[in-house]
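In the two complexes that follow, chain A is the common piece, with chain B as its partner first and chain C second.
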Partner chain A sequence: MYYIHAIASISHQDSFRNSNVYKSLTPLSDDSDVISPDFKEFIPPAALRRLSPVLRMGLAASIECRNQVATDFDAIVVGTALGCLKDTEKFLSTFLTSTSDFLSPTAFIQSTHNTIGGQISLGLNNHAYNMTHTQNNLSFEVSLMDAILCLNDGKKNVLIGAADEKIDFLATVQPDLIPNEFPLSSGASFFALSPAKSEIAIQAVSTNFNATNLLEDIGTFLDVHDISMEEIDLLLHSNDDIEAHFSPKEAINYLDFTGFHYSASSYAVHVAHDFLKYRHMAKYALVVNDLCPGKVGITLITRDEA
Partner chain B sequence: MEIFITGSGTISSIGNNVAESIKSLRDQQTGIKLGAFQALPNYRVGAVPFSNAELMEKFNLTTEGSRTALLGMIAAKEAFAGHSIDPTIRTGLISGTSVGGMDMSEKEYKNFLEGTNHNPLNYRHHASGTSSEEISNELKISDFINTISTACSSAANALMMGARMIQQGMLDRVVVGGTDGLSSFTISGFKSLMIFDDEWCRPFDESRKGLNLGEGAGFLVLESEKSLVISKQTPLAKLTGWSNASDAFHQTASSPNGYGATLSMQEALNVAGLQPSDIDYINAHGTATPNNDLSESHAIKSIFKDNIPPFSSTKAYTGHTLAASGGIEAVFAIEAIRQGLLYPNLNFSTPIEETGLTPQLKFESGKTIKHVLSNSFGFGGNNSTVILSAL
Partner chain C sequence: MSDFKETLKSQIIEQLNLEDLTPGDIQDDAPLFGEGLGLDSIDALEFIVLLEQNYGIKIADPNEGKEIFQSVNSLAAYIQKNQ
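For the complex of A and B:
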């Protein structure tokens, strides 16, 4: 069991410092946008002007988690599918159109994927293990696996999260590259995990990069953990076929509430946590992520009554 | 649990494979040339002298991909040669990259800006994770795929992740390393930071002004002892130490005293159960930027005190291959151990005044090299160290 001791999400839902995001889930409209906290509370004004949305979201959510646990993290693991798109596009535009020998380096510096993790280390003055994983729709799940490796290695307080940002240009490529009708979105969800007990835990996470039969995969995962679908109190998925096949007690397609970004399953885990926390009879929630064909991530979240 | 290395492969401007690369190091022959990157001909870079189409044909690649993916396939295939997919060996691939498919995206985005012939399908290789999926596809590896993107420490972190997954029983065998293709994006970026030297880069020299960029890939195969019994591979060396620590000083600059680098080297020694005096050669990060080499020199002095083993940077041969560098340099470290080699640091004449360190200056063979420590430091204060050891 990998116990959740803090959570912070910035999303298209009213999620930041909302103690029960499950209860207040609202389907997104087409023109929905991120509901941001007041970033000035977390980031000095000079830095804030320089930081793109994904950096602001990742940094604020991490600082919020740090404030909740009141101990320094001994590992920081970040997942991002597409990284710092805004700065990447900005630097592309700059060097492709400029005739000057002197370009501003800020967008280049902030374009690398691990700017999010780097900014968190700077913001928290943290010298620990600092890792960034980028694996398309499974960026959050592989990060969660790394966090679990850290906890198995003996770390006591691991920050793990995922963040991705929408830029307008994505709409230009969506018809060709993102075959999905959900509105494009942004989001960041961060968690503090520890072996020390709390109410709700991540029990297991798995990835399958060669998934030919999604429904069978889910069955296998449940078998490995000796649980049946009847015991799952809430299924959070990204594919309505799953819900139709298994007829679980309760289910949501999390994309209705997150919109489409490749690390949206991280927010589903936040929703699962709050569901279990406030639904006292509930024990298990399952997050299934198949946003890219053939690539499936499954996360089991549990109330630990032992 | 011991982590065995049973394959290695590399491609860069100094060679299409391990043997050619070591020959270039032996001959003190750099791969860096003026004008080697066609789109920006006024720069000295270490380019692999083949177009993407030529790479596919020359190396018999069957999977389409960006330059980053193609270079990765070539090195990973060399590393995996002699291995086969076996359902009883859970096999993964972990690759580090910083630019992913940028070589293709930047061409297409230029079309977008100019409003001509914009084809969004050409961004399909952009995502860094996609490059690893393409490499995995070429090797038919599918049990686990992961991409690490921590700028210039990515490949070293991929080695570390692979070793930890084997240790904890999540995988039996894993292809690990890194790859990055040259792009106008990165050349323009390092130019904007004013750490791109117009002349030959001069690691650890007082007169150093910056780096020369390069491209390439370097991959290893890591295996558990259990996997070795089934795969029947002969180990080349062992991966014994690894660490990542955060400098937490500045987004791009290293702390002047090399705090993060010191933490990283010390922790890697701890993981390996070694003393500084056990290290026979250091393959330094040594990018030849004023900041890196000073900071790294201080860190090396903090760890090794007055007993600094032979050290050198091989960046003046390959150029700085960014996310690939830790993989390529791990390949060099394996051959240093197997053949008893010390690689000379090119273009050095005067020690840095503040630290006074002189790197290895001549090629030597027939040495006893049991343990090599290899550093890789990236943007974001991301400091990594791996230690490779003789069997």
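For the complex of A and C:
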């Protein structure tokens, strides 16, 4: 078991410092936007002015997790599919249009995917293991696997999370990549994991980058962990076919509440945590992420009553 | 010269993302780095870009930067002399 000791999410929901995000879930409108905390509470003005939305979200959520556990992290693992899109767009646009010999260094420096993890490290003054995973819709799940490996390796307090941001240009290209009816969105969810016991834990996570049969993958995952779908109290998914096939006790298509971004499953895990925490009779929640065809991530969250 | 300095301050605010400042918050003779606006080495690079993009001025010797970027007064004087 990998116990969750802190969570912080910044999303299109009222999620930051919300003790029960499951209870507060509200379907998104097409024009919804991120509900941000006051970033000045977490980031000095001199640093804040340079940070794009994804960096602000990732850093503030990480600092909030650090404040909740009141212990330095001995590993920081970040997942992001598209990275710092806003800075990337700014840098590339300037590169294409500028007639100058020089380009603004800030957007270039901050356009790499691992800037989020780097800024978290700087913001927390933390020099521990720092890794960024970019695996499309499975960036969060792969990061979670890395965090679990860190814990198996003896680390005691691991920060793991995922963040992605939208830019206007995505509205032009996204329909050609993965057509869907959900509004484009942004979000960051971070978790402090530890082997020290707490109420809710990540029991298992798996990924399949060459999935040909989603329903079979889910069945195999449940078999491996000796659980039936009837025991799952809440299924959070990104594909209504799963819900129709398994008929679980309770199910949510989490994209209705996160909007479409490639790290949305991290928020689903936050929802699962709060569901289990406050639904005392519930024991298991399952997050199934198949946002990109052929790429399936499955995360089992459980209440540990032992 | 006064109008030029106001324009320059607006350009500095935009280039350096000093989102909470207005031109009126920047004193003509206050240090831009260190105790003044608290700018850092990345901002020095942004100043070089600002000079080249807006005024076509390239700083040949990077060591000159310390003098040129001391304050809005020194920056304005350098631009007017080299434009």
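The criterion applied here is as follows: the second predicted complex is superposed on the first by the 306 of 306 C-alpha atoms of A that agree within 3 Å, B and C clash if a C-alpha of one lies under 4 Å from a C-alpha of the other, contacts with A are read in each partner's own complex, and residues count from 1 in each chain.
Here is the rule we go by: a residue touches a chain if its C-beta (ideal position, glycine included) is under 8 Å from a C-beta of that chain, and two chains touch if they have at least 3 such contacts.
Nothing here was measured: the structure is a model prediction, and the numbers come from that model.
Participant: May I ask you to decide whether A:281 touches chain B, chain C, both, or neither, giving the answer as first, second, both or neither?
Facilitator: neither
Participant: Which partner does A:81 reach: the first (chain B), the second (chain C), both, or neither?
Facilitator: First partner only, chain B.
Participant: When the two structures are overlaid on chain A, which partner does A:70 contact: first (chain B), second (chain C), both, or neither?
Facilitator: neither
Participant: Identify the partner contact of A:49: answer first if only chain B is touched, second if only chain C is, both if each is, neither if none is.
Facilitator: Second partner only, chain C.
Participant: What's your read, chain B or chain C touching more residues of chain A?
Facilitator: After superposition, B is the partner touching more of chain A.
Participant: Looking at the overlay, does A:103 come into contact with chain B only (first), chain C only (second), both, or neither?
Facilitator: Both partners, chain B and chain C.
Participant: Touching chain B and also chain C: which chain A residues?
Facilitator: 101-105, 109
Participant: Which residues of chain A touch chain C once you look at their complex with the stated criterion?
Facilitator: 45-46, 49-50, 98, 100-106, 109
Participant: Can you check the complex and tell me which residues of chain B touch chain A?
Facilitator: 98, 105-106, 109-110, 112-113, 120-121, 123-124, 127-130, 132-133, 136, 142-151, 157, 161, 164-165, 168, 170, 184-185, 188-189, 191-194, 244-252, 259-260, 263, 378-382
Participant: Within the complex, which stretch of chain A touches chain B?
Facilitator: Residues of chain A touching chain B: 76, 81-83, 89, 91-93, 95-97, 101-105, 108-115, 117-119, 121-122, 124-136, 138-139, 142, 145-146, 149, 152-153, 172-173, 175-177, 207, 209-210.
Participant: Which stretch or stretches of chain C touch chain A in the complex?
Facilitator: Touch list, chain C to chain A: 15-20, 38, 40, 42, 45-46, 48-49, 52-53, 58.
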